[in-house]
Structures are given as C-alpha cells and as structure tokens.
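In the two complexes that follow, chain A is the common piece, with chain B as its partner first and chain C second.
Here is the complex of A and B:
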C-alpha cells in the first residue's frame, strides 16, 4: 500500500515530441487508478515513468511521499504486468513467480553462503521463497501449472502467471500495462472480475493502463482520461460518465458514445442544421449570450417516435425533437441501438450529423433502415460544450 | 492461354540456358575445309608474361610456316593450375594435342598411357634427310632420358617428350655480403665444408642470415647424392633412407639449421623461405635453386642503385659431385587426331630457333648443347655473370627418378619438412614416420591384385531403373495427392517454371553426388576414362578408417581446429552483436566494418594473415614480444600445438556473418522481457543468462550448426597459407581430400573421403539438434 503522486510530470522525447505534458496526479493508498485514452495519449509513458522504465524529463514523482525520480526501477518496490506478460521462457511457472524474490535475496550465491558460514540463513530464505510461491499459486489457482513452462500455457494462464509474478514480491504499487488486451472477449470479462476481486483482497495501490473505456470504467476507483499527453478528467467513473469535463471525455466515455451536434446557442435555443432545440434555462452563464457550441446527450437519454405523414412541417418547431432518418438498427437483445442521420435542409456545410439512440427492444421492434423518425431528447440531460475537440463543458446550474 | 504462355516461357528459359553450350560446339567446328586445329597448353610460372609472349610468337610463326594448321593456345597460369586443367581435360576426353610435361610427372602420365610414344618419329627423322630434322644427339642426353619411361622407372625405355629446356641447381650468392664479410667468392669446385664455413662467417654480419636452404624433396635428394647416399635406390626398388650414411647426412643438414643461430634460415615461416628471401638482401646465399629464379632476381637493382650484386655457383660437392636435371618437355596426347601435325609442332617448339628465343628469357638452359654453349645463353650482359656455372654442373647432373606414384614425393616432402624445416621431429623420427606412411600406402592395393572392372552397364541400368521408379512414384503421388483439376494445373505450371533449376540440380548436383558415391567404390584416378576404373568395393573406406595415418592426422587437425574455432567464433560473434545493438551515433558504420572482412576475397585475406602470423616479423609475434612473451613459430616447429589455433584466430576475422545473424536475433527479443527483469532486480549478467541466451537459442543453434559445418570445410586458408605444412600438421580434412583428388589423382579415394565427411557432418548436425531440443526456446520466433 502506498500513495503515488505526480507533480507537473513531463516526458519529452528526442526531437521535441512531448509525450506527457505536465500532468498532476495523486493516487491514494489502495486505490485502483485507471489511465485511459486513445493510443498515443501518453498513458503508457506515464505508467513507464512511474515504473522507472522511462526517464522523467521534468516534474516530480513521489511514492509514499519520497521523491523517486532518480531511483532505478528495481528499488522503487513496484511490480509491472506487461501486455504480452513477458514471462521468462526457460523458467517454469514456479521459477517465474520466484524470480523477483531470488534476485532480492541477501544470500543469493550458494558458494559464498557456504564459505561465509551462512548456509542456514540461505536455507531460511529458500524456504521463505518456496512458501511465498505456494501462497501466490493458491491465490491465483496456479497449483496445477507450477512445473510447466510458459510455452505450455494458454493465454489466460500466462496472464495469471504474470500477475502471480507481480504479487509474489508484495510490492507497494502494482502497475498494469493493458494486461487484458491479448485475451479473447470472454476471458477478458472473467479476468476483469478476478482483478477486481484481487484488488479488494490485497487492498493494493494499482495503476492500470487501458485503451478500453469500458474496462476502465468497470475497474476504476479513479478514472484518469488522457489525451495528447494531458489529463482530461480525473474523477470517478460515474462522474466522468455523467458530467464529462469536456467534449473529448464525453465522446470517449460510454458505449455508444455521447451524441454531439455542432451548432449555435442563442436566446435559450440551440440551433444547428435541421435542428432547433429550445433548452431550459440551466446555463446561467449563457443568458443573453449568443455563441457557437456543441450539444451533447447520451444515447439512452433519447427516445424515438415514428414520423407520420400529417404532422410534417410544423413538427420541427415542436420542442426538443429532431427529424432524422434511420441508417442502422443494431439489436442487442433487451436494447436496440438505432443509428440515424439528421435530416438536413441542405447538403451543404460538411458531413452529416449522426445520432444514436438506445431504446428498449420493444419500442424499436418495427424500426427499419430508411424509416423517417423524430428523436425526442430529454432536455434535462443535455450538455453544452465549448467549441473545439477538447472544448470544456459549460457548467449548468 | 496463360498456361500456353507459361509453357513457352519455361521452354525458352531452358533453351536459352543451354544455347551457350551448343553455340560453342558450332563455332568450334568453324574451320575452313582442309584446315586442322591443334590445341597447345603450357604454363608460365616464373617466366610470366614474357614466357607467354615467346610461346605465342613461336606458334604464330608455326602457323605461318604451315598453312592449313591452326593452333589454339591455352595457358591456365602456373604449373599447379596447368595440371588441374590438364587432368580435367583428359578426364573429359578433350586433352590438348601438345602440352608441357614436367620430368617429375612423366612417370605418372606415361603409366596411365596418356602420352604418345615418340620413338618412331625420332627414328624417322634420322633417315628423312629433312633440313629441320630433329637430332636427339644434339640434346644433353640427361634431358632426353628424363622423358624415357620403361613402365617402371624414368631414364630408359620409350620416349614420351622432347625436352624444351632444363636447369641444374646451385646457390645464388649476394656478392656484396661476401665482400663485406671478407669471404672469397666460391668457385664451381667448392665443397660443403666451404659452404657452411662461408655461411657461418656471413651470419656473423649484423642482421644477416648465412644461407637459405630449401628442403624440397628433389633438393634433399640431390644433397644426399653429393654424399653418395639416397632415399631410394636408382631402380626405385628399395628404400635407402634408413641407411646410416643417409641419416648422418640429414642430421648434418638439420643441425646446421636448428642447432646454430643465423647460419641457415630455419624455416621459421614460409615467407622466410623460398626464392624470395634472397631479394631482401638479408640472406647471403639462397638455394638450391635452378635457373628459374633468374628473371625475378634480375629485378634486383645493382649496388649503386641500392641493391646488390649477385651471382650463381653450382651445388657444392660432398664426398662426390652430383647435381640434378630439372626439365620440362613438349609431349603429345596419346589420343590426338593429328599426330603428324602435333609432332611437327613439337619439333618446331624445340628447334634451335625456339630454344634461342627461350634462352633470352633467362629462365632455363637450352637443351641443345650448341645453343647452351652459344652467346644466346652465355651472354653476360645481364646477371648472373657465371652462366658457365650452370653448364659446369651438367656432367655430374642426373635426372632424379621418382616412383610413378606421386604419393612417394608427397610423403617424403612432408616428413623431411618436419625434420629439416620445422624441426619438430628428429631425423630418426621423421624417417620412421616416412617409412610407416609409405609402407601403409604401398600395402594398400584397393581391390586386390586383379580387381574387376566397374560394371558400368549394370550400374547405369540399375540407376536408370531406380530413377524410373522414383519418377513413377512421384507421378503417382502427385496424381493421387491433389484431386482438383485447378490444383494440378497450378502444380504443373510450378514444376514447369522450376524446371530450369530442377534440371540444373539434377545434372550438376544430384548426379555428381550420386556418381561420387559410385566412384568411392572404385580406384578411378580422375585423369583417365571411367572405363579404366576398377571396382574395389569398400577398400577405400577401410584404408581411410583403419590404416591411413595421414588421414587420421588430417581429421585430428580439423577436429582440433573446430574445437577452438567454433566456440571462439560464436562467443566473439555474439559479443560483437551485443555491442552492435548499442544505440550509438554511427553504429551502422561499425556494423559495416565488422561485416566487411566477410566480403573480401579468401585468398587475399589468407596471404595477409600469413604475414600476420609470420614468426619473425609478424604482427602477432611482434606484439607478444613487446609484452615479453616469446611468440611461437605458428607454422614452424610449434605447428602441432599452434598451427590449428592460428587458423582459429584467423577465423575470427570472418565472424561478421554470424554477427549479423545474431544481431537480427537480438533485435527480435521483446524489450518487455528486459524491462521485467530490470524491475525484478536482475543484474546485467542475469539478464543475459535468463533472457538473451534463451531467447536467442534458436539463432545460436543455427549459427552453431553452420559454424560446425564450416569448420569441417576449411580449405582456402590452409591451401594458401601453409599448403598443409609443416608435415601434415595443418593439413585439414578438405585440403587432404584436394591433395588426393587433384594432385595425386586418386579420385576414388578422395570420393570416399568426401562421403565420410558428409556422414560426419550429418552425425554432428543430428547430435547438436537432438541434444539441443531441451535448450532451445522458440518463443521469440512465435508471434
């Protein structure tokens, strides 16, 4: 158990590429912190800096309050689980698990131990290592595998051995670099749960990197969304989902992601091509303002009704409704995702705005591609964002 | 349509591949009606381009004088290349009509019935009354007798060649050094006592060695003859080397060389012996050499121009006077289609005019007395001044006969070298070794006294039916294997496109390989037709495995070398590869520098290393001396211990290839493994042992097998650097195989050696593969 603190930590590569840009992060004792973001966002680099595999260009890294910037990896008391597990191919599972302990024993050299009369001390160490391997293997269910070689294991088994190697040493901090991405979907779900349980049992501090936002949300006590080397949001998963800090987080978190429509806000109404939504007065800062912004709402906050011939023209002004045409219907069992394109008055001005609505299966029973529909947005749950890829969410009252 | 195209293209490729061969045949036949073509082959060793030009001029003149006869001239280079080429041509039934034969090779060629007897032409000349009639009485009789062979020994019997020129031997002396030491210049009457006294006095000069004394077998025998002894009787019936007088004479020579400092060059290294040492001006006398060194010695500048004056003295006398006749003839192929024209040409090439032209070259003494004693030879405008010295030796000079079996000279040479030159054996030991090797050799009569001829008809019938069976089997498998028409059509096209290679493989690889196995069961000599071969069963193999001590030495030398070179090379290559993975500026340059030696020519590199290992001025010994370690005589008396290691050290020069493969392997190892070990606290040695080695194990295995195979196949280095000397101490397996096949014409025996080598390589590869199964991890190759 330990805390990990990053203060203004940056990583600059040769040639001036700034992979990590002055990030601040404080991870508490026993916290399961997940760094998530698209590839190239700096999350792995951050993790590797914590591990000591990458040099820190700038800023301060502390573990348990002590500055460790210049401490070599082996002295930081951390464990690292690699995406491809990095098991030693010529060692058995037991030897792999014991490897870190073997390297750290005080009397590693049997000859020297014999010459200096410390054979007993060495023997006690050996017994302790064997004991520790047994504990780890029973925790992770590796008992059957101890004498096998990595090449004789399945992907899931290798993954468990990699975790076993990490926990054997009882380190202060566990670092996981996309440990599940080489597993198939079902095993990934299973292992996710086990990791969660393991965390609870060890109450260890974990820093975990993934590009899969769903995995991130299910595992994280603390979710850190990264993009372009910066922290975009640092909160619980729930907060990140419900109140994304900015448009990037809104688009990244959630499956399917938040619907976003670029437009213009004026006089309490959001206007876009083919869309005109009167919004309740929840944005005090926007009163009497007129400015470009983006409107966002979660797919499950939308409902759909079939457009009928007779309510054609005047329905456009009938409140929070958007006319759209169905382009895809994805049935997930109890729910159905309906992808739509917003009906446009003209085809000018860039690409089509796409929307997704997640509705109960029975509501969408008769939906077909090409159907003309109206999307009813629950205006209590819409967000407004400043323009731009990382435009901040405009605080609502 | 596409298929048709494929067929056409494939056929065109095959036709194109063979067109060149066919084209040669067509052009060769393009002679005017009534014209004939003679092929003449010669070498130009010491004579160089000058000799080349003289022969060419002479042939042009012959063509002009003999309309209707065209002469095609071949010159493969030095004598060694000449004999290899001649052997190949004879085996192919395409021998040149007229060619050089050295006196020492005559018995071998004559015994194999490859030369046309010339007696009937000669006797016809006498009565012909022609103006250009050849008169053998005009020649020095020893030179003519050198080309007579009676089926057993040279010197009498049928005449097989007309001597073109010859030489006697003696010492070349640096007159400036003689003056400086106050030693009177010797005369043709000097003795060995005078010789060695002079050598000792001259050796007292600072930095000067008294004399170079080459220990070539013919020179050793000539030396012995001056003491009235010999290694073999004149009738070649009995070995005389063990006689007390012979041993005493040899011991004297050995003592001069090895028990005294600077009196004789001690054969410490190859560049310190031979004719070229004299050029440096640090050796007062050099010999026994014949006339052939004169063209190169004439390049020595005079005293005024920084060189020195030199001259020739014939061999000193011991208890008697003796000298040898070394000569080369023009001979005619037994199966020539144009014997008359060939004889005319031989006459032309040995007549007075040709001999005069040759005499100007300075390379040898004309074989016609009248020319030798004329100004054409005696003209002293160029050194040496003492041309008369060569002629003074003639009355005592004889042809030194050799057994037709060239192995005698080989064994004698290598054992005498170990005693006289490298000095690692006493004379008694060397003589014992000679006798044992020679006895083993003569007792080996492959196939017994009357071996059956090789049943070629039966063999070829068997081989053809076997081939038929294989083709039928393959066709049947193919027919059954792929059911769909499409697949079969694709396979057909594939085979068709591969057919040029397939044909090439069958004709130039598979057939010779199979053939060599058949030959290993015969006594084929490689320079006659296959029909002359006898069937000897497994005699060759039995001789090799149980009795041939030279073969066992070669195997030991090779094993010793492999034991050193393989681990050394692999460790170095891996070490270098690890260094080359460093991310340093300009690393590509370093990698290229390490790899560069691998693309350099083997022969040039070998010559370079010959100098590096030179025991007197070589780089390695200089370095060793500078740190106070006396360097060994790598290829001299310490060759038994240090010869193969020298080659092993040299092989490190070529680790670039292995290094590149290791480098590629290292870059395949996932970085995460090292990072994991880092975090686990493993130090760099642990990381190397637990990650680099296991992850690299498939690459190590590959490199190891390649290195083991390569170490069994050492040839070029040994051939160029030592030629297997001293004795057989650096005679590697393949070098011995080459000696047997292409120098001693024992092709059946050499084929058996090749097959034993193949089996050994197979066994080693299998052993390595099997024993490595538990130590090789293929993880890094898996994705």
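Here is the complex of A and C:
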C-alpha cells in the first residue's frame, strides 16, 4: 500500500509534442484509480512515467511521499501488467511468476553463496520463493498451469499469469495498462469482476489505464478522465456521470453518450434550430444574459411520445419538448435506444442535431424508423456547458 | 490429377538430380579414400573408370593418413585437430556473443549516431576480403601476432557485420514490453541481453553458430597466411601439406581419407542443428 502523487507532471517528446501537460493527481492508500480517455490522451504515458519506463520532463512524482523522478523502474517497488502481458516466452508459468523474486533475492548467485558459506540463507530464500509462487498460483487458480509455457496458454490464462507475476512481489503500487483489451467480451466482464475482488483482498494501490469508459466506471474508486494530456475531471465515477466537469467528460462518460445541442441561452430559454426549451431558473449567473452555450442531457432522462396529427408543427411551445424524427431503433432487450434527428424549420447551418433516448422496451415497442416523435426532456437534469470541445459546465444552483 | 502427377514427377526428378550432384563427390571421395594407392591414383588421373564402390576396401588408409599428418607421426594430426577445435570453438562463441550483443544495442538502445554506425557497419559487408587482407596482415605483424592463433580468433570478439544485421532484425521484432517487464523486474541491459534476448534468439544463434563453425573449420586461407609453423597448423592447412609433401598424386587415397575425417564434424553439426536451422530461416521469412 502506498500513495502516489503527481504534481505538475509533464511529458514532452522530442519534436515538442506535449503528451502530458502539467497534471496534478493524488492517489490514496489502497485506492483503485482509473485513468480513462480516448487514445492519445496521455493516460498510458502518465502510467509509464509512474512506472519509470518514461522519463518525466517536468514536475514531481512521489510514491509514499518520497520523490522518485530519478529512481529507476526496478527501485520504485511497482508492478506493471502490460496490455500484451509480456510473459517471458522461454520460461514456464512458475518461472515467470518467480522471476521478479529471483532477481531481488540477496543471495542470487549459487556459486558465491557456496563460497561465502551462505548456502543455508540461499536455501531459505529458494523455499520462500517456491512458497510464494504456490500462494499466488492458488489465489489465481494457476496450479494446473505452472509447468506450461506461455505459448500453451489461452488469452485469459496468460492474463492471469501476468497478474500473478505482478502480485508475487507484493509491490507498493500496481500499474495496469489496458490489461483486458486483448480478451473477448465475456472474458473481459469476468476478469473485471475478479480484478475488483483481488483489489479488495490485497487492498493495494492500483493505477489502471483503459480507454473503455464502462470498464473504468465499474472498477474505479477514483475516476480520472484525461484528454489532450490534461486531466478533465478527477472524482468518483458517479460524480463524473452525474455532474461532468465539462462538455468533453459529458460526451465521453456514459453509454450512449450525453445528448449535446449547440445553441443559445437567453431569458431563461435555450434556443437552437428546431429546439426551444424554457428552463427553470437554475442558472443564476445567466439571468438577464444572452450567450452561446450547449445543452446536455442523458439519454435516460428523455421520454418519447408519438407526435399526433392534431398538434401539428405549431404547438412546439408545450414545455420542454423537442420535435424529432426517428432514424434508428436499437433494441437491447429490456431497454431500447432510439436515435433521432431534430426536426427544423429550415435547413440552415450544417449538420443535423442528433439525439438518443434510452427508454423501456415496452414504450418503444411500436417505434419505427421514420416516425415523427416528441422528445420530453426532464429539465431538472439538464446541463449547460460553455461553448467549445472542453467547455466547462455552467454551475447551476 | 494427371497434371498433379506430372508436377510431382518433375519435382522429384529435379530433387534426385540435385541430390546426386551434391552427394556423388562426397561418396566418390569416400570410395577413393578406401582404395589401394594404385587404384586411387588411376581413378584421379582418369586412366581407370569411376568406381562406385571400392572392390577391396583399405580401412588401414585412415590410420596411415592420421599417422602421416604433419611432420611427427600421430602427434601432427593431434596438433592440427586440437588447433582446429580450439580456434573454431572460440570463434563460434565469440561471434555469437559479440554479434548478438551489438545487435541488441543497435535494435534496442537509442544513442546518438546509432543509425550512422549501423549503416557504416552494413557498408563493411561490401568490402571484399582481398582488399583488407594485406593491411590486416601488416597490422597483426605489427602486433607481433604472426604464427599465433590471435589473428584468427580476436576479430571474432568484435562481431560479424552480417550476423549483427541478422540479430538486429530479429531482436527488433521482439516486443518492447518484454524488455520493459525485465527492467521492472530489476534487470540491467547486460542481464536483459543474456537472460531474455539471447534465449529468444535461438533460431538466429543456430544459423550464426553453424555458418561460423563451417566457415572457420574449413577456412584455409587465413590459417595459411598467419600460421607458419607445423605445430600451429589447422586441419585444413595440414590437409594441404599432405598433398605437397610428396608432390604428385601417389598419396591421394590418404588425402581423401583425411578429407573425409575433416568433414565429419560439419556433417554431424548440420544434422544436429537442422531443426533449429530450418526454423530460423523460416521464421525470418514469415515474421520479417
């Protein structure tokens, strides 16, 4: 168990590419911290800097309060699980698990141990290593595999061996670099649960990198959303979901992602092409202001009702409703995702605004592509964001 | 079906002709080594036909050939054999170790000028041996190394451009994460090379070892240039001394007998290493 602290840590590659830009992060004892973001967001680079596989260009990295910027990887007492597992192909499973321990033994050289009369000490070490390998293999169910070579294992088994190799040494910090992305979907779910259990059992500090936001949300005690080398939000998964710090987080976290409509806020009403939503007075800072912004709401905060003939195109004023046309119906069993395009009076201004609503399957039973519908938005759960890709959420009261 | 049969027949025909072409000289060498002196000389000068088997095998030829190698009976052969073994073993080990180490550095370490050094190294492969022969001789004479095995073995410790190239290409395909895992496990570069890279390079090592072995064991020119005294001669040189010792061809049966003996280690090695060897050639082709 240990804390990991990053203070203004940056990584600049040759040629001036800033992969990680002055990030601050404090990970507590025994915390499961997940770094998540699209590819190229700097999450893996951050992890590799913690591991000591990449040099830190700027800033301070501390493990357990001690600065480790210049400490080589082997002296940081960390374990790293690689995406491709990186098992040594020429060693058996048992030898793979024992490898790190063998490297760290005080009396590694049998000849020297014999000459200096340390044979007993060396023997005790060997027994200890064998014992540790047995413990790890029974924890992870590797007993049957110990004498096999990595090429004789399935993907899931290799993954378990990679985890076994990491826990054998009892390191201060575990670092995982997308360890599940080479597994098939079902195995990924299973292994995810096992990792969670393992974390509880070891109560270890874990830093875990993934691009899969669902995996991130289910695993994380602390969720760190990264984009363009910066931390966009650092909170629990639930907080990131309910109150995203900015538009990027809103769009990244959640499946399907949050609906976002670019528009204008004026006099308590959000206006966009084909959309006019009177909003409750939750944004005191916006009173009497008129400014461009984006409106966001989760797909499960919307309901859909079929547009009937008699209320025509002119009855838009009826509360928080958006007229739209169904373009796709995706049935997931108990729920159905309905993708829509917002109807608009004129075809100005580029692309159509797309919305998704997630509704109960029975509500959507008769929905078909091409249907005209009205989207009812739960205005208690809408967000407003400043314009721009990473525009901050405008705080509501 | 018919077409298949035709293709197979052609393939077999080509393979059989090729096999006969390569195997016959070896077989004939063995036949001549077992002939009487008269029949052997007749076979060589062409005054008799080519015999496919010796009518009256003279196994004693082999004992005589061994006894008459070099200037002292029996010991001449032992000297030549042990010289060949020492030189070959040292050269093979040194070439494998130095070439793989340099290959690792060129494939995995980033340092200023590594690419330029790699290109210069490749360029040295373009130089024919004859160009460097005289400067090298003068250099080694300056060192006082003439008539010692040093000129033959020391250069092997500095790698071989072709094998360095092979190792570099092979090592470049090994996933970087293996090296990183080893770093986290506490290995330095030398240990990574010795404990992770070298075991994974087995196919390349097999090729490197077999080629180097055959090249060194059969090398005639370099020992002839650098080794002058009888006790320093290698088998390849001793073989030649055999021929000149009596002028003419009257002892050609002994020459053949010793040639057969000299060839045995190469054949044994080739058969032993065949699996790793073929695997190496194939894996290079598929992964490259």
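Here, the second predicted complex is superposed on the first by the 396 of 397 C-alpha atoms of A that agree within 3 Å, B and C clash if a C-alpha of one lies under 4 Å from a C-alpha of the other, contacts with A are read in each partner's own complex, and residues count from 1 in each chain.
In the analysis below, a residue touches a chain if its C-beta (ideal position, glycine included) is under 8 Å from a C-beta of that chain, and two chains touch if they have at least 3 such contacts.
Nothing here was measured: the structure is a model prediction, and the numbers come from that model.
When both complexes are superposed on chain A, chain B and chain C end up clashing with one another. Touch criterion not met for A:266: it reaches neither chain B nor chain C. Look at A:151: by the touch rule set out above, it reaches chain B but stays clear of chain C.
The partner that reaches more residues of chain A, of the two candidates chain B and chain C, is B.
Contacts of A:329 after superposition on the shared chain: neither chain B nor chain C is touched. Using the contact criterion defined above for the overlaid structures, shared-chain residue A:202 touches neither chain B nor chain C, since it reaches no partner. The single stretch of chain B with clashing C-alpha atoms against chain C, selected from 473-481, 491-499 or 527-535, is 473-481. Common to the chain B-facing and chain C-facing surfaces of chain A are residues 51-53, 72-74, 78-80, 82-84, 86, 88-90, 99-100, 103-104.
Listing the residues of chain B that touch chain A in their complex gives 670, 672-673, 675-682, 686, 690-691, 694-695, 777-780. Of all the residues in chain A, the ones that touch chain C in their complex are 51-53, 72-74, 78-80, 82-84, 86, 88-90, 99-100, 103-104.
Within the complex formed with chain A, the residues of chain C that make contact are 175, 177-178, 180-187, 196, 199-200. Interface residues of chain A facing chain B in the complex, by the touch rule stated above, are 51-53, 72-74, 78-80, 82-84, 86, 88-91, 99-100, 103-104, 150-151, 165, 169.
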